[in-house]
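Heads up: the structure comes next, in structure tokens.
Letters A, B and C name the chains as they come in the text, with residue numbers starting at 1 for each one.
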Amino acid sequence: MKKFTLMICFSILFSLQIKDVVTGEEIPIRMGYLQSDIHQLACWVAMEKGFYEKNGANAQVAGIFKAGPEEMSAFAAGALDMGYVGEAPATTAVANRVAKATVLAQVNTEGSAIMVKKGSPIQKPADLAGKTIAIPGHSTVQDFLLQKALRKFKVDPKKVSIIVLKPPEMIGALKTDQIDGFIAWEPYPAKAQTMGVGQVLLTSNQIWKNHPCCVLIADDGFRKLRPSHVEGMVKAHVEATDFIHKFPDDAVKIGMKYTGMDEETVRTAMKNVNYTYELSIDGETEYVDFLSRLKYIDVPHAETFVNRFIDPGVLEKVVGK
Amino acid sequence: MRIADCEIKNNIIDFRDVTFVFEGKTPLFSDLTLSIEKGAFYLVQGPSGAGKTTFLRLITRLEEPVSGEIRFQDKPFDSYSPPVLRRSLLYIQQTPTVMDGSVAENLLMPFSFKNNSHLTQPGHEKLGALLREVHLEDVGLDDHAMNLSVGQIQRLCLVRGLLLSPEMLLLDEPTSALDRESAQAVMALIERLNVESGLTILIVTHKTYGQDRIKPRYLVIEEGRIEESS
Amino acid sequence: MKFDRYILLLILLILWQVLCGLEVIPTHLLPSPFKILLGLKDLVIIGMPPGHLLPNHVLYSLYRVGLGFFAAVLLGIPAGLLLGWSPGLRRITNPLVELVRPIPPLAWIPIAILWFGIGMKSAAFIIFLGAFFPILLNTVSGVLAINPIYFEVAQTLNAKKKDIFFKVLIPGSIPSIFVGMRIGVGIGWMTLVAAEFTGVRTGYGLGYMIMTARDIQRPDEILAGMLVIGLIGYLINGGLKACERRFVKWRA
């Protein structure tokens, strides 16, 4: 009886360790992206236009997340193979050794904005002192941008009350004066505008010009097992990004489908976003520095970390072709 | 002397054609007519289930007859307010019941009720005196009432009722939990109250009555009829 | 020996630490007990989010629970006494109570935010809902459990309805009321954390702290936070039990 129980215990422990070793064309690639985040339009374009299949990647949506940190938790749990996610939450998760992932390509730069109520007395960044501003979550790109803006425009962060709301809730909260402003990814700022509820206080471009925003990451374990699939995914991403520039009207339609928002909102939103796949090492270094100063992460050697975190090799191979 | 004058009695309670039924059962009493004489000493007897307790409860209005009328001092029950009736007709239940608290608190509790506000609260000497009469001299006024024995609680409940100076006492098995000595003390007190203070006494008991200072009248309840005998 | 009860706990802790050390249990899924203690230290010294220290989170959460719980007591006990007292009232209100009671407090969050806005009031409302029903129902059952003879004896001794209510009904239901309060505060405390997951305005609260620890990917601090929550719940329950003992002693 004792031996039997022991065997059961060990098999349970071991089965927790065994991962899916079997590879094959048919096994889907589990992909994640952020809900209604127009930054990640390339992902939706690739799905709609069949770029994944074309490049031999059987990509399946394994999760649609309300914010970056939640998506990174899914990576930590081994539930995703690749994902479109903000660079700040990805950095935090990997630096805190909760997820093992690598950045393979950029998805967009810029594309967020701090919104205040239409007709608000908040006219300039300094007016944010003493106000309540909503962010999608801690250690999101938007959290990062807000903190950066406060320091850039010399507002004491302690004087600003930060509240965590999911972006769909932000516009309603602004309308009913629950909050004085919010910062979110497009198309939520655009929607606040087209609804007549909000106006732009600062675009992310004004906070940090050309700042990298979303990235395409891959789980390290997945990369090791199926490198050819990884390459296919990155190639599909490159093709999709090119498509957005070549056929903007088609891209707008796809954007409308996946955000459920009207054409005016989507067009306004896309104007604020720069779709590119070119990686920025400097940008990531800035993230690491700032997140360390905020005490979100503790990285002794920023350079080593950045070099390990970003791997331009796959992109170079794909674009070179 | 006219015949009519011989008929005049001093009744404290009259039953006139009283019928009582427990829901869904055969009637306990049908068209019952009897009188309880003021100042008399009655023992109520009969087989178990005959309705002895119900008889007492009808008199104290804890139960209502289905038809017929019960009168107190020759006026119908309905013409009195319930507090007046209860002050005069004191019912001491078969199950001795005390509240969580000291002996004094239990004895004096009725005096905190608004309906009894016209009564003066007795002092501790009076309480002690009454306790002695029922052989509870060993019980302190500060003792926890719920720690006493069943027999002690039974006597305590009697004392509590007596403090309200009723006109009629209805007692349901008042000595069931008592030893011979205590039972005798309790009966002696009740008899004294009957003889000296004129309290009408109605006792339900299965015990035989051994004293011969008082000649009790017997009410035997059997098969829905109540017969008086000596 | 007093320490017998803790032996199982100790063995589990040691086993846990060893399995983490050998990396049989991956540390990003379940940090070791030692790491959790370090996480606790970080919560106290650095705070989560950084700058928001643990003691302040505790104070804010206690305040929210206090508000909700006391509202539940103030409404639940009198309502319970009345419902216990009157079979008619019980009959009329029973369908409503049985309909609302099974709705989990958390399901009320969107409505609460709609009615009370984001902040202290909506959180206190959620907690109130969690604590109210145990208090109400335990008070009612406390009243119904009183032996009817007590009411009859009081009636026989000429008690008015008001006397019976205050001198028989209330003292008799007190043990059940305390049970209801303990259950109520327990559920209220459990509801608090989830109620704080959304809509914390001040940036302080144990639920908010855990959510932020999740955002910033610190499972050690998530578990340390859970430990603190469990500990406080344990202390609150113990505190109420002690109150109950002292109160019952005084009465007896």
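Note that in this section contacts are C-beta pairs under 8 Å (C-beta built on N, C-alpha and C of every residue); 3 or more make two chains touch, one makes a residue touch a chain.
Since this is a predicted model, take the numbers as computed values, not measurements.
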Chains touching both chain A and chain C, listed by label: none
Farthest chain relative to chain B (centres taken as mean CA coordinates): A
Central chain (by mean CA position): C
Between chain A and chain C, centroid-to-centroid distance (C-alpha), Å: 37
Approximate Å spacing (C-alpha centroids) for the pair chain A, chain B: 87
Geometric centre distance via CA averages, chain C-chain B, whole Å: 51
Complex contacts: residues of chain A adjacent to chain C: 13, 17, 67, 69, 72-73, 76-77, 89, 92-93, 96-99, 132, 137-140, 158, 161-165, 173, 176, 178-179, 294-296
Residues of chain C that touch chain B when the two form their complex: 147, 149-150, 152-160, 162-163, 167-168, 171, 251-252
Footprint of chain C on chain B - complex, ascending: 60, 62, 83, 86-87, 90-93, 95, 97, 99-101, 109-110, 112-116, 144, 146, 157, 160-161, 164
Touching residues (chain side chain C, partner chain A) in the complex: 24, 27-29, 46, 49-51, 117-118, 198-203, 208, 211-212, 214-219
